[in-house]
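Next come two complexes built around chain A: one with chain B, the other with chain C.
After this line comes the complex of A and B, so read on.
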C-alpha cells in the first residue's frame, strides 16, 4: 500500500452498438458504431503474475465470473450484445478502441445475428442413477483368487457393461431426439458437453446440455420443453429451461490475432 | 411479450448455477487477444471435470464426454497416476468434495 497507486488496466465484458452503450450501467468506450462495455481493474487482481493464483481461488473466480456474467445479462436482456471471453484485458483505454476497430467484422456479424434474440439453455436429466459401477472393482479389488470366482466376476462385469451399453444408447437417443425438437423451435442451437455430477451437484445424470438462440418474444422453446417433460417424464427424464443468457454460444468468429 | 417464467436456474429463480456460468464465461464468447495473457488452462478447478475420467473413462465415453482425448494437455496429465491425488487435493481445497468420501 506504500507508494504509487495500483496499476490499472481495462477489462472488456462485451460489445454493443454505440446507441446501447449505457445499457449495462458500466463504463463504455465508443468507436464508430460500436461500444465496448468496460471497467477499470487493478493489476493487483488481474495482472499476469497474480492471475494463475487468483483463478484457482474458487471464491474469487466465482465472484468475478458472476460479475462478468451479470454485466452481460443486463446488456443482453435489453440489447444485442457480443459476449467476450472472461478475462479480456487491455492496458490503456485507447487500446479498447483499437480492439473494437480490429474486430469490427466479427462484432458486427454477431450483433446482427443476435439482434432481437437471446440464448436459452435446456438441460436434460435422467433421474435413474446412471449405471452404477463407481469404478470400484475395476481397479482389482481384494476379490478372491479362485479361477471360478474370477470367471464369475468377469461375467458379471460383462453383463454390467451390456446393461450400461443399452442404457447409454437409450440416453443418447432421447438426448438426440430432444435436441432435434428443440432446434426446430430455435434460430440455432448447439449441444455442449453434459456437465458431470461433480459440477452439477445433483444425483441426476445430465444427458443434454443444449443452448438455443431464440427470438425474445417467442415462447416455442419453452413449450417444447413442457411437452418433452410430458412425454419423457414417465421414463425418468426431465428437461429444464435456463436463461435468458447472453448469447455466449452464438458468437461469430474469433480474433485472428 | 408473454409472462413466461424464465427461471434462471433450478433453484426457483435464484442465481444461475455456477457451473452454467463458468461453462459460458470461461469456455464461450468471442476470444480477443488482450494485453494481459490469461491462460484458462491455469484454472485447475476446471480439471475437476476429470473426476469422471478418473472414475470411469468408459462411463464418460458412454455419455459422450470424451473431450479430453483431443486435448494433449489433459490426456498427458491423465496418464499420470498422480492425477487422482492432485484432483483430490484441488477439490478439497476448493470445497467441491463433500463428505461422501469420508464415510467409506
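After this line comes the complex of A and C, so read on.
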C-alpha cells in the first residue's frame, strides 16, 4: 500500500479498567469495562519494513522500551494494569476495541489478580568461589612425582569435577530454598532464567532471578530477603530486592487472541 | 518501599521484563512485531554493545 497519508498505527501499552483510562496520561480506547492505553505511532518507525533495522539499534530500542515501561509505571502506581509485550501494534483505532473485546476475560482476570498488588524482583548471587590451591582439601595425600604423576593428574581432575558438581548442586539447592521461602511471603511467584555474566557485567554469578506478586502494603518479602542475606551471606550468597515493577510476570491468558 | 521509577532501569532489566514478558497478542489485527523474537533481538543488541558478540565470533572461528 503506497500513500503519503495515514501511515500511522496504534501502539498498545497496556489495559486498565475504564474508570482508570486517564491514569497514564496517554490516549485511551475504551470498550465496555476496559480501556487500552494507546498512542498513535508512525509506520516510519514501527512499519514492518523498517522495524527489523530499528530493533538492532540499541539507542532506539532502549528509548522505546523505556517509554513503554514509563507508561506502564505511571499506570501501575495509580491503578491495576495489564502490561502488554513491547511492540504490540494494530493498524486501526477500531482494531484496539476488537482486541479488548476478544481478550476481555483474561484481561479482567489479570486486573483482578494484580489489584492492590505489585511485582517485586529478587536476584540471588553467588560470589566468585575461592580458588583452591592444588593439593587442597580434595587431594588427600602427599603429592607424588615421576611415574605416578599421570595418575595423580587424573585424580586431581576427577576431584575438581566432583567439587564443581557439588558446588552446582549446592547453588541449585540454595536457589530453590530461597525461592520457596520468598514464595511463602507472596501471592504468587515465578523463577526466570538467571541473567548471564556477559550481560550483568558482575563478577558474581546470578543463581536466582525471581519475580513475586505482593500486596503493596506488605513488606514481608523485603524482610525475607534480609533474612536470606543474614543466613547465606557467610557462604558467599547475597540477595537483592528490585522494583516495584508493573506486573509483567503475572499476566493471565498469555497468547490469547 | 520506594516508588516505581523508570529512570534508573538498565536496558538489561527492560529486556528481562518489557521485551520478555507481558501479554502477547497475536492474530490478524496485530502488526509484524508479534512475530519477532524480541528476547533474542534484545540480547543480541546488549551483547553487541558489550563487545561480547565479537569475542564469541572470534572464539567460534579460531
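The criterion applied here is as follows: the second predicted complex is superposed on the first by the 217 of 257 C-alpha atoms of A that agree within 3 Å, B and C clash if a C-alpha of one lies under 4 Å from a C-alpha of the other, contacts with A are read in each partner's own complex, and residues count from 1 in each chain.
Keep this in mind: a contact is a pair of C-beta atoms (placed from the backbone, for glycine too) under 8 Å apart; a residue touches a chain by one contact, two chains touch by 3 or more.
All figures in this text were calculated on a predicted structure; none of them were measured in a lab.
K.L.:
Taking chain A as the common reference for superposition, should the pair chain B and chain C be classed as clashing or as fitting?
P.N.:
Taken together on chain A, chain C would clash with chain B, as the superposition shows.
K.L.:
After the superposition on A, what does A:164 contact: first (chain B), second (chain C), both or neither?
P.N.:
First partner only.
K.L.:
For A:98, is the partner it touches chain B (first), chain C (second), both, or none of the two (neither)?
P.N.:
second
K.L.:
Would you sort A:86 into first (chain B), second (chain C), both or neither based on which partner it touches?
P.N.:
both
K.L.:
Applying the document's definition of touch, where does A:172 land relative to chain B and chain C: first, second, both, or neither?
P.N.:
The first partner, chain B, only.
K.L.:
Is A:245 touching the first partner chain B, the second partner chain C, both, or neither of them?
P.N.:
It touches chain B and chain C both.
K.L.:
Touching A:194 in the superposition: chain B (first), chain C (second), both, neither?
P.N.:
So A:194 only meets chain B here.
K.L.:
Based on the superposed arrangement, let me know which partner A:205 touches: chain B (first), chain C (second), both, or neither?
P.N.:
After superposing on A, A:205 lies in contact with chain B but is clear of chain C.
K.L.:
Would you sort A:76 into first (chain B), second (chain C), both or neither based on which partner it touches?
P.N.:
Second partner only, chain C.
K.L.:
Which residues would you name on chain A as touching chain B in one complex and chain C in the other?
P.N.:
9, 12, 14, 46-48, 51-52, 55-56, 58, 61-62, 65-66, 68-69, 82-91, 95, 99, 103, 106-107, 110, 192, 195, 198-200, 209, 216, 219, 222, 242-246, 248-249, 251, 253-255, 257
K.L.:
Could you pull out which chain A residues touch chain B in their complex?
P.N.:
9, 12, 14, 43, 46-48, 51-52, 55-56, 58, 61-62, 65-66, 68-69, 72, 82-91, 95, 99, 103, 106-107, 110, 120-121, 130-131, 133-135, 138, 161, 164-165, 168, 171-172, 192-196, 198-200, 205, 207, 209, 216-217, 219, 222, 240-246, 248-249, 251, 253-255, 257
K.L.:
Please name which positions on chain A make contact with chain C in the complex.
P.N.:
Result: residues 9, 12, 14-15, 46-48, 51-52, 55-58, 61-62, 65-66, 68-70, 73, 76-77, 82-92, 95, 98-99, 102-103, 106-107, 110, 118, 192, 195, 198-201, 209, 216, 219, 222, 242-246, 248-249, 251, 253-257 of chain A touch chain C.
K.L.:
Within the complex, which stretch of chain C touches chain A?
P.N.:
Within the complex, chain C contacts chain A at residues 1-6, 9, 11-27, 29-34, 36, 38, 41-50, 52.
K.L.:
Using the touch definition from the top, list the residues of chain B that touch chain A in their complex.
P.N.:
So the residues of chain B in touch with chain A come to 1-2, 4, 6-10, 15-26, 28-40, 42-45, 48-49, 51-52, 54-56, 58-60, 62-65, 67, 90-91, 94-96.
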